[in-house]
Structures are given as structure tokens and as C-alpha cells.
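Both of the next two complexes hold chain A, though its partner changes from chain B to chain C.
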Partner chain A sequence: MMTPSSFEMPNLLPAVPEIFVLTATCVILLADLYVRDDKKVITYLMSLATLVGAAVLTITLHTGETVLTFSGSFVSDPMGDVLKVFVYLVTAAVFVYSRNYLIARNLFKGEFFTLGLFGVLGMMVLISAQNMLTLYLGLELLSLCMYAMVALHRDSINATEAAMKYFVLGALASGMLLYGMSLIYGITGSLDLAEINAAIKSLDDSKMMVASLGMVLVIVGMAFKLGAVPFHMWLPDVYHGAPTAITLYISAAPKIAAFAMVMRLLVEGLGDMHVQWQEILIIMAVLSMAVGNIVAIAQANIKRMLAYSTISHVGFLLLGILAGTAEGYSSAMFYAITYALMAAGGFGMILLLSRSGFEADRLEDFKGLSERSPWFAFMMLILMFSMAGVPPTVGFYAKLAVLQSVVGVGLTWLAVLGVIFSIIGVFYYLRVIKLMYFDKPVDTSPLETTADMRIILSANALGILYLGLMPGSLLALCVAAIG
Partner chain B sequence: MLADLPLLSLVIWTPIIGGLLVLFFSKDEQAPLARMIALAVSVLTFLLTIPLWTGFDNSTYQMQFVEYVSWIPAFNINYHLGIDGISMPLILLTAFSTVLVVIAGWEVIKYKPAQYMAAFLIMDGLMIGVFCALDSILFYVLWEAMLIPMFLIIGIWGGERRVYATIKFFLYTFLGSVFMLVALIYMYIQSGSFGILDMQNMPLGMTEQILIFLAFLIAFAVKVPMWPVHTWLPDAHVEAPTGGSVILAAIMLKMGTYGFVRFSLPITPDASMKLDWLMITLSLIAVVYIAFVALVQKDMKKLIAYSSIAHMGFVTLGFFIIFAILENTGSTQGMAMAIEGALVQMISHGFISGAMFLCVGVMYDRMHSRQIADYGGVANTMPIFAAFMVLFAMANAGLPGTSGFVGEFMVILAAFKANFWIAFLAATTLIFGAAYTLWMVKRVLFGEVANDNVAALKDVNKREFFVLGVLAVAVLALGLWPAPLLDVMHATVDHLIEQVMHSKL
Partner chain C sequence: MEQTIFYIFSTVLVLSAGAVVTVRNPVFAALFLVLAFFTSAAIWILLEAEFLALTLVLVYVGAVMVLFLFVVMMLDINLTVLREGFARYLPVGLLVAVIMVAQLVYIVGPARFGLDKFPAPPPRDADYSNTREIGLVLYTEYLFAFELAAVILVVAIIAAIALTLRKRVKTNFMKPEEQVLVKSKDRVRLVKMATEKQDD
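Right, the complex of A and B next:
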């Protein structure tokens, strides 16, 4: 028992990036008060600088070793560092893509950026959590920011409705998660993930029962956050209702954090119950791939279509995790990172086409894009083929890695189901390409964009192509990060 | 000096990089420049393939011009290239066909000509890569990547129902290949290598072999295409622009049959033996039933598409009849004849089907119709063209002296060693093939001039004459003197037969 006199300063070094983001965001929050509405670009640049600074700190402090701090409730490890760097990267891209859209809708305000950065902080805490409380803290910080961001456009009925739905269902999911955690805490007597894992090994059957119930509730909570079937109902409505810039934010980086949450809770905390959670994950993965891919075909709104596509990608991500091997985890990590890059590019394209008073969120709005802008039509083509998993794009390797880990544990039939659903999925991605290339444009006005957005979005799509030609380094990074 | 160059990489990447270069000249006023660059790149690629032939060592089955670079170490995936007597002729055929396609589309393609040329050049590199790849994931990546330019070619420059046709094409072929991917991953898990040569040497149990064989079968059967998964081909051919049809028929279909000899036979020899009845049945259905279907077509392109399916049936028949030959005669000589006949048929069909589609293209450019009924008496107004078309039609029907005869004859002859009735059914193609091809020629070329449109037709120009002339030379040369092509194959085919006879159980 620690007495106040024996209080030791915890090792702050592993948490320096978090402390930096927190401080910088508070500074931005205050500074923004003094920035005139027409000078909000200052806030924007400060936010980008915060992300760059955090990336620099994370990379320079990266040791390749696992360091625990704050009484073992916070960890800095290779997996966390890699994931965090991609969170910064994707979020920075999100900020750049969102600028014009927000300006055109009079939403280019400090709130978007501060909430976004607090969300990033939540993701970082979530990624580094080594204790169920830290994990819950990070998750709630992220979730609260996202609820508020969805409602940011307060005059829009759709956005308000989406925010309500998101909040109610999200709170319900958090409740489930918390209840599951409390059961596990009750039975193991610890909140620390490593201790939980050790304690579960020695549980007798009756206690195991309670632990299993806790595990099920934890999985339900996580499935809500991930958007896995049958807990996916909120996802299409929120993606559709939220302003596209917010949809972009929600769809990209938080998926990386969600992967980390699953890794920390299921693998590090409940790794010993792998046999039990594997079955649940198999069912959720198959249902997610089925529902996501099939229902996406029926969508006329591209945001909804991409929402269902997200659900199907979550199914694939779960495939990697349920394999339960190091290869499986690293393949799921690769999948999460590449998916976040693809989602950022995909929603970025919608933002590129939108302008004041025009959302560009219907599929028809992509008609004849190859006439209007051959370059960006080509970029969208890369993104769509990557989401469909067609080589030579990185989406193929993500699927390859996951399938390989699934076959590696003898679940070949699951791999076959996975590829069958991905064939179904190809259809709706092809339809977008069909609209862009084979149809004549309805709307021939030139694209209204800025140079920075063009450059970053092109880099995003070309990066996906490059990773498709040279996936070795990122794959090796993921393999090394899982260890 | 040539031997030191990474020739295969050059042959793969020259057209791909050239194709990307052409894309930079996509403004309408730069079209002539784009065409010139495309022609230069395609000719350069073809020239680069010639040292592959001249420098090829006929006496060994070992892979030649091998390149090996580690690509994705995490999964032991390597950039491993190499060619043998089976793939080398196909590479030459690919590069050759691309040159012709570029010339054939010269002034005909008015909408986005630069993108059109670029798509074909990129596809050229990808297709050559498929024939060179010795790593199964590299093979798979190129195999799938190839679909993207073809999807765009049919969808952008195709006919009226192009969207339906191209999506059907993409989904069918994608559907087939993903099962192959699972099979490849399974073998990687078992053997620790994605190398095709390693897979050929790994032991596999009977159940595994059968499942892997079926997975390969779905992938390759769609591509060949074999009955009953052939329905995408007539649609794709009809809607594709002429160049697309040529590449589809001349090269893409060969990939399916190439897959059988590169993957199915050597990797799963026991399953191939066990399931050879299935393959023979499907092949004979293609040869006989599809020939009847071809007979009743009203659309020229559709007719040639169905005739392609029938001819490809010969190739698969040649590959899988070998087990019956072995059982019947006990000698490997007949087996070699069957496989070599099938391989010759692949090359020959590349020339003939390409030529037939170009002939239809020549007429379509003038009349904008593919319907047989809209023509009649074309020989009166286009005598030179008619001469070419009759030659190609004869070759398609398998007339001795043309390349079409050599392969079919060898396969039929070998089939007689296996079973009289199989050979008999296969031989009916000589009758049906002649029937549907020559009947079409009769209705289109001969007779009275059918209408004013036909009366106004102009004969082939220099460009068209060149393209058709080169193909005519190729068809005749291969028909009269196939020995050089057969010499290239002997060692590789003998080795393949050894592999097939060596049980993996």
C-alpha cells in the first residue's frame, strides 16, 4: 500500500506524446477564442502542427521496447507507437480534406479541430491502455468527441438525428462494456489486463462462467464500437447523417484505435479465453461480411454504401483477430491501417466533389468524373479497387494476409466464405467505377479545390498503389510490432 | 551482352511504363503523338522479346532468363521470373498481338485514343508478366491486375451493352480466381513457399489434391472458358472494341489453358488423373455442343467467340487426354503429341482468332454492324479483304497448310490412341468448324451485293493490309512449318509428362 509520503513521480516519458497533445489542444482551445472567424486557418494550422509534433515525439521516443508506467496502467510498446503514428497521419489528412467543406458550410471553427484533437488523444490513450479503466477512459473521450462532432452542424436535422442515435446507442454499448468489465473485475480481482490474463488461467468452472458472461458483454460493447453485425445499426445512419467531413473523421482513424481496443482487451486481457471468443468472432465476422457486402449493393447514397462497406471490412478485420496467432494479429493490424488509409481517401473524394450547397454524396454525383477530372477519377479508381481487394493495390495484400492467417489455423472454409463475400463486394465498387468512366457527366462544373487537398489526396491514393506494389515494409512493420 | 540484361523485366516493364507515359499525352490534339509513342513502345517490346527466342536453349526444361529478387520477405513472396518452352512462345505471341492491336486501332479509335493505347500497353506488360511469373502470388497479382485495363477497355470503348458485358466479365473472372488464391495460400501454409516450382514438388494427399484441383479448375475454366462458365465470353467479345476482342481471344483465353499446364497438371497430378473424365467431358461439350451454338449465331463476333470456345476445348482435351493415352498404350509418346498439339493450338488460335476479329473489325468500321444479315457480296467490293478473310476462315476450319490444322490434327491423332469415340467426337469439329465458319463467309462475302451500303464499301487500306498480311504470313508459316515451335517445346513437355506421371501421394 502506498502512503502519500512514499509517492513517486511516475515515469512520464512513455506518455509524453499524450501530454503534448493534451497541452497543445488546450492551448488551441484558448487561442481559438482570440482568433477572428475569418482567420480560423490559424487554428487549422496549429492543429496540424500538433499532429506533426506528436508524430515527431512518438517516433523519437520509440525504443522498440515495452515500457509500463502509471502503476502499470499505461503502456508504450511498438504496436502502440505504430498505430499512433498512423492515427496522426490519417487525422492530419482528414483535417486537410475537411477544410473547404467546412468553410463552405460555415463550420470551419475551432470546435471541429479541438474536438478532433481530443478525439485523437482518446485514441492514443485507448491504444496505450494496459488497464480496463484507462481503456474505458480513452474510449469515452473518443466517443464523446465524436458524438459532439456529429452534432456540430446543429441546423441540420439529419445531423442532429444521427448524433442522437449515435449517442444513445453508443452509451448503451459503453454500458455493456462497462458491465462486462465489472464482471471480469469481480471474478479476477484486477483491472490490469496482464493480471486478468494470469488470473483467468486459474479459474474454476463456476467462476469461468461469470468470466465468460463478462467476456460476452465486453465483446458486445466492442462490436458496437467497431460496427460489427449484429451491432451495426447505428453505422449507416450516422455515416449518412453526419456532415461528410465528420463521417470522414469517424470512419478513418478510430478504426485503428478500435483495432487496438480489441487487441488490448481480447488478446492481452482475455487471451486465455481464445477458444470461447473465437466462436463469437467467427459468427460476427461472417455476418458482417455478408450483411455489409450484400446491403451495400442496394445503396444509392455513397456515404451509406461506404458505411456498409466499412461493416464488411470490419468482418475481414475480425477474421485476422480470431485466428489467434501472431500472424493473425499482425494481418489484422495491417488491415486496420490500410483500411483507415482507404477510408480517408474514399471519403476525401466525396469532399473533393462537394461544394457549397452540394453534398456530392449520391452515387450519381460521380457520373462522368473521368471527363471532369481524369486524374481524380483515376485516384478514385485506385481507391475502389483497393477496397475491393484487387491487386496491385494494398487492399489485396490486406486480404491476402488475413486469409493466410485464417488458413494457417485450419479454418480454410472461413477463408472461402471470406472470398465469396468479397466477390459480392466487388460489384458495388465496380459500379462506382462504371459511373465515373462509362457514364456521361450530368454536372460538368469544374472541381473547386485547393492545391493542398489535391496533393494530399493524390498522395493518399498513390500511396495505396505504392503499398500495393511494395507492401513489404509496412507488412514487416506490422509483424515486428506484434512481435 | 544481351544475356546480362534482365530481359524478362524489361519486357514486362517497358510497355507498362510506356503506357503510363502515353497517358501524359491525353489531350485530343496530342493524339497523333500518343499513337506514335504507343506504336514505338509496342514495337520495342516486341523486339525485346526476340532475344528470348534466339537465346532460348531448346535442350533443357529448366527455367531460363531467371530473375529472382526478394519482394515481400514477411510472406516469402519473391519477384521470381523465368520462362520455359511453354511460356516463351506465348510471350512472343502477346507482344506481337499488341503491336497489331495498336496499329489496328490507329485512326479507328477517336474517343480518348491515348488512354486506349495506354490500356493496351499496360495490359501487354501484365500479360507477359503472367507468363513469366514463377511465384504464385506474383502470378496472381498480374493475373488480377490485367482485369482492370480490360474492364476499362470494354466499358469505355465498347458497344451498346458494354456496361453489362464488362461487369459480367470482371465478376466471372474474379470469382474464378479467388478460389485459386485460397488454394495457393493453403499450399503456402503447407510448404512455406509461394514458389510455383516448390509447389510442383511438394507432396499432397489425394483429398487435398482434389480440392486444390477444383479450385484451380474454377479459376482456369472461367478464363479458358469452358462450358458451363463460358457465358461471359460472347458478351464480352461482342461489346468489346476490336482491339479488346483480339487481346481477349488471342491472349487472355490462353492464360486459362496456360494455368492448367503450369499449375493443375504438375501440382495436382493424381487429382488430374482421377478427374480426367470430367475434363474430357467438358472439353468435348465445348467442341461439339458449342460448335452447334456457333452455327446459329446471327452476329459475326458472337459466332467467332463461340468458335473460340470450341477451339479452346481442343486445348483442354489435349492436356487431359494424356492419362487415357497412357493407360491404353503405356507409352509417353502419344502423351507428348497430345500436349504439344494443344500448345500449338494455343499459339495458332491466337493468330487465327485475332485475325478473324480484325476482319470483323474492318467491316464494322465501315458498316457499323456486326449482323451477318446486313452483309452479302462483300467480295465484290472488297476483293483483297475477301481473300484474307477466306484464308483465315479456312484456317479456323482447320484446313491443312494453315496453323489451325496442325494442333487439331495432333490432338485428334493422339486421342485415337486413347479412345476411338473421344477422337471421333473431337474430329467432328473439322466438319462443324468448317460448317459454321464457311457458312458465315458465304453469307457475308459471296453472292450478290446485298445492299447499297455494301456496294459503297472501300477495300482495305495500307494499314489494314499490313495487319492482316502479317497475320496471314504467321498462319501459313506455322501451318507449313511448325517444327521450330515444336522444337522449343519438346524438352519442357517431356519434363511435364515426367511430373504428371510421378505420383505425389
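Right, the complex of A and C next:
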């Protein structure tokens, strides 16, 4: 029993990046009140500085060891540190890409950055969760920020409708997740993921059924947050309805956090039930790859097309996790990180072509891009090749690693299905390239961009090419993080 | 005895929860929700969780539901639109509900959570304080979760303000300091034009 004297002050050192982000965000929240509307660039720079500071802290505090704190509800481990650094990186890129778009739509306000940074905090908590309670709170923190951000453009009916759908379905999914967690808590008597894993080993068959139902409900909740078929209905509508800058935010970094959530809950918490959740994940992975790749062909709106492409990528991500081996987990981690980089670049290109009063969100807006800007047409070519999985881009290695891990556990038929669906998917990525290089431009106005966006977006696309040529370092990082 | 009380309260709870979604008048629905919260608080008291039960009554019934009633009464809710499709979706909804209830009764029923599987804990002494125990773990063992809950509330406040606050776009008021500084050339603009040849 806990008495005041037996309480030990928790070790705050592993959580210093979280504490820093929270403090800095609160400072930005207050400072923003005194910043005039035409000087919001100060808020923007402070937000970027926060992300840089968090990255510096995470890297300097990285020890390569697993440290628990806050009575075992928070963990700092190599996987968490690597994922967090990529969350900062991707979010910083998202902020840079969004700037002009937000200014043109009168959305360049402090709320975008404070909600965005609180969302980053939610992702960090989710990545470091070692307890079902912390995991749920991190997820809710992230989701709440994303619901509000989708609705931020108040005068747009589409955005409001998307936010409403997202909120209602998200609340339902959270309910499912909570109910599943409560059943698992009821049968194992613990919220701690490591203790749950130990308790499940000693359950008899009758109690195992309760844990199974809990696991199914937890998977339903997680599949919704990931956007895996058949819980994907919200994804195209939200991606389409939200302002593109916010679509960019919710499509990129949260996928890294969602991967961490699946790892913590399924692998660390319910690792002993691998045989059971593997079957469910196989069905979801096959359906996601099928629906994502086939329905994307019929889309005329590039945001919807990329939404369905996200669904198919989630299918591939699940392939790595369901393999249930260390190679599988590290390949899924590699996939999640590279997908976040590709998504940031892909939606960043839409932002690059958008300007005041014009959303470049139809496929035909990309027509003849090679005549308007040969350099950015080439960048888009790299991004599309990478999403399709064409060598020498990193998308190819991500798919290859995931498929290898699936073959490694004897599920060759699943790998064959994965290859077939990704070949189907190549069609709609190549169509974008065809529009850019072989069609005449409809709109010949020059691109309105700033130098920082050009540089970061080019670095993003070239980084994907570089990682494709030399995937070794990032792969080794993922293997070391899981190992 | 305890069992009878439990069944009475749970019957009221299930019926009032059902009424929340079926009654036509939204004010009644909100009042039924109050009843549902109240009966679940009673069930918590049966579980000897008196602090949580009182918090539920104070926070949800006392504060949240009163605000909710205000909102329901102030908004002009069009019932016919809300009811649209109710009959159409009823069969599917009922089917899903019946399947889920059947599954849950099978899994969470007495076969797995009966008193022989999980014996009831011995009742606590009269001087045992739940409030004290919660207080002790809330700020120590669950410190991290507690802080996170606070952050979530901050986000909720930011979101609520960001989504509803609208500044008045145009208000007509005079700025004396600008009026004093005004010069004649700010008011009158002299335009020099070339003389034009007049047509006959």
C-alpha cells in the first residue's frame, strides 16, 4: 500500500523532452496572445525552435538503454527515441510546407502551431507509453488536437463536415479501445503492459476467451486510428475535407505514433496472443492493400487518391507487424518512418502548387508540371516512384523488407498478394507522372513559393532518393532500435 | 438483499439508457441521462466506491448535465430531421446490438466472472477512507496520467476557443488620436489632369 513516506520522487530525466515540449508550447500559447496578426511568423519560428530543442534533448539524452519512470507508466527506450526524432523532423517539415498555404487562407494563427505541438506531445506520450492508461491518454491528446485542427477552417463546410465525421467515428473507436482495455484489465488485473504480458501466460482457456474479446476490441480501436480496412471509411473524407496543410499534418507524423501504439499494445502487452492477432491482422492487411490500391484508381482528386494510398500503405505496415519476428517489427518501423517522409513530401507538393483561392487538389492540376517547373516535376516523380515502390527509391526497400519478413515466417502467399496489389497500385502513381510529363499544362501561372519551402521540399524528395540508394543506415537504426 | 438492490438499480439504468435514445423530446432524453448517471452512481456505492459515486453525481449530474440541458433548451433542434432514417437504420442497429449483447453475456457472464472465479473482497472497516487512498495514489503513482489529463483539458479549452471565438469584423468607433493628427492633404486629393479638347 502506498503511504506518503514510501513515495519516491520519479526520475524526470527520461521525460525531459516531453516536459520541454509541454513547457515550450505553453510559453508559445501565452506569447502568441501578444503577437500581432501580421507578425505570426514569430509563433512559427518559436514552434520550429521547440521541435529543434526537443530533438537535441532526445538525442543527447539517448542512452540506448530502457529506463522506466513515473511508477512504470513511462518508458524511454531506443525504439521510442528513434521514432520521436522522426516525429519532430516530419512535423517541422509540415510546419514549413504549411506556412504559405495558411497565410493565403487566413489560417496562419497561433492555434495551428499550439495544437500541432500539443499533438506532437500526444505522439511522444503514445510512443513512450508503458501502461494502458498512459497509452489511452496520449492517443486522446493527439486525437483531440487533430479533430480541432481539421475544424480550424470554420467557414469551410467541407472542413466542418470532415471534422464532425472524424470526431464521431473517433469517439466510437476510442470507446471500443477502452472497452477492450477494461476487459484485459479485468482478466489480468494490471494496466502495466509488461505485467499484462506476464499474466496472460498463466491464463486458463476460459479466461483466455475474455482476453481474446478484449484483444479484438483493442484491435478494432487501433485499426480505426490507423485507417485499416474495414475501419477506413473516415479517411478519404477527412483527408479530402480538411485544409491541405492539416491533411499533411494528420497523414504524416501520426502514422509513426500509430505504429508505436501497435507495437506497445499488441507486441509488448499481448505478445503471447500472437497466433490470435496474426489472423486478424492478415485479413485486415489483405483487405487494406486491396481496397486501397483498387479504389485509388478511380479517384480524380489527388488528396482522395493519396488517402486511399495511405490505406494500402497501412496494409503493408501491418504485414511487417503480423510476421511477429524482430525482422518483421524493424521492417514495419522502417516502413512507418519512410511512409511518413513520403506522405510529407506528397502533400507538400500539393501545397507547393496551391495558392490563394486555388487548391491544387485535382489530378489535372498536375498536368504539364514538367514545363512549369522541371525541378519540382522531378521531385514529384521521385515521391510517386517511392510510394509505388520502384527502385532506386526508399519505397522499394521498405516494401522489400516487409515482404521478406513475411516470407521469413512462411506466409509466402501473403507476400505474393502484396506484390500483386502493389503492381496494381503502380498504375495510379504512374498516371500522375504521365500527367506531369506528357500532358500540356492547363494552368501556366508560375509557382508561388518561398525559398525555405523549395529547399526543404527538395531535401525531402532527395532524401527519399538517398535513402533508396543507401538504405543501410536507417535499416540498421531500426534493427538496433527493435533488437 | 444486496443482489435485489443491484437488480433494481441496473434495471432502472438499462431502461433509462434505452429511453435516452428512444424518447422524442430531447429535454426528456437529457433528463433520462441524468437518471442513468444517478443509478450508476448508486451501483458504485454498492461496490463501496462512495467517493467516485459522489463525484459522478456532483460533476456529471450537477454540472455537466445542467449545462447540457441549457444547450438543449436553447438550440432549436429540428426533431423531424433527427428522426429521419431512424426506422431505416433500426433493423441493422438492433441486429448489431443483439449480437454484441449476446457475445458480452457469453464472455463476461457468470461462467467467467462468477463469484466462484473471483470471490468478493471482504468488506472494509467503517473508518476506511476511499478518498484518502485515491488521493495517495493520484499524485504519486498516477502522477503522469494526472498531468496528461490536465494537458488534455488545456487542449480542449484551446480547441473550444479557436472554434467559436469570432472577433467583430467591423466596429464603428473613432480614434481621437488619428483625428487630431489629420492633415488637409489626407482628406482632399488634388488631381492634375491634362486639358482635353472639347468636342463640338
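The criterion applied here is as follows: the second predicted complex is superposed on the first by the 483 of 483 C-alpha atoms of A that agree within 3 Å, B and C clash if a C-alpha of one lies under 4 Å from a C-alpha of the other, contacts with A are read in each partner's own complex, and residues count from 1 in each chain.
One rule holds for everything that comes next: a contact is a pair of C-beta atoms (placed from the backbone, for glycine too) under 8 Å apart; a residue touches a chain by one contact, two chains touch by 3 or more.
The structure presented is a predicted model; accordingly, all values stated were derived computationally and were not measured.
Trainee: A:V390 contacts which: chain B (first), chain C (second), both, neither?
Mentor: In the superposition, A:V390 contacts chain B only.
Trainee: Name the contact category of A:G186: first (chain B only), second (chain C only), both, or neither.
Mentor: Touch status of A:G186: second partner only.
Trainee: Pick one for A:T134: touches chain B only (first), chain C only (second), both, or neither.
Mentor: In the superposed model, A:T134 contacts chain C only, not chain B.
Trainee: Regarding the shared-chain residue A:L457, is it in contact with chain B (first), chain C (second), both, or neither?
Mentor: neither
Trainee: Going by the contact rule set out at the top, does A:V21 touch chain B (first), chain C (second), both, or neither?
Mentor: neither
Trainee: Determine, under the contact definition given at the top, whether A:P10 touches first (chain B), second (chain C), both, or neither.
Mentor: second
Trainee: If you look only at chain B, which of its residues touch chain A in the complex?
Mentor: Counting only chain B, the residues touching chain A are 26, 71-75, 115, 137, 140-142, 144-145, 147-148, 151-152, 155-156, 162-163, 166-167, 170-171, 174-175, 178-179, 181-182, 185-186, 188-189.
Trainee: Spell out the part of chain A that touches chain C in their complex, as residue ranges.
Mentor: 2-4, 7, 10, 15, 22, 26, 29, 70-71, 73-74, 109, 111, 114-115, 118, 121, 125, 131, 133-134, 137-138, 140-141, 144-145, 147-148, 151-152, 154, 183, 186, 206-207, 209-210, 213
Trainee: Under the definition above, what is the set of chain A residues touching chain B in their complex?
Mentor: 374, 381, 385, 390-392, 396-397, 400-401, 403-404, 407-408, 412, 415-416, 419-420, 422-423, 426-427, 430-431, 433-434, 437-438, 471-472, 475-476, 479
Trainee: Touching residues of chain C toward chain A in the complex: what are they?
Mentor: Per the stated touch rule, the residues are 103-104, 107-108, 111-113, 136-137, 140-145, 148-149, 151-152, 154-156, 158-159, 162-163.
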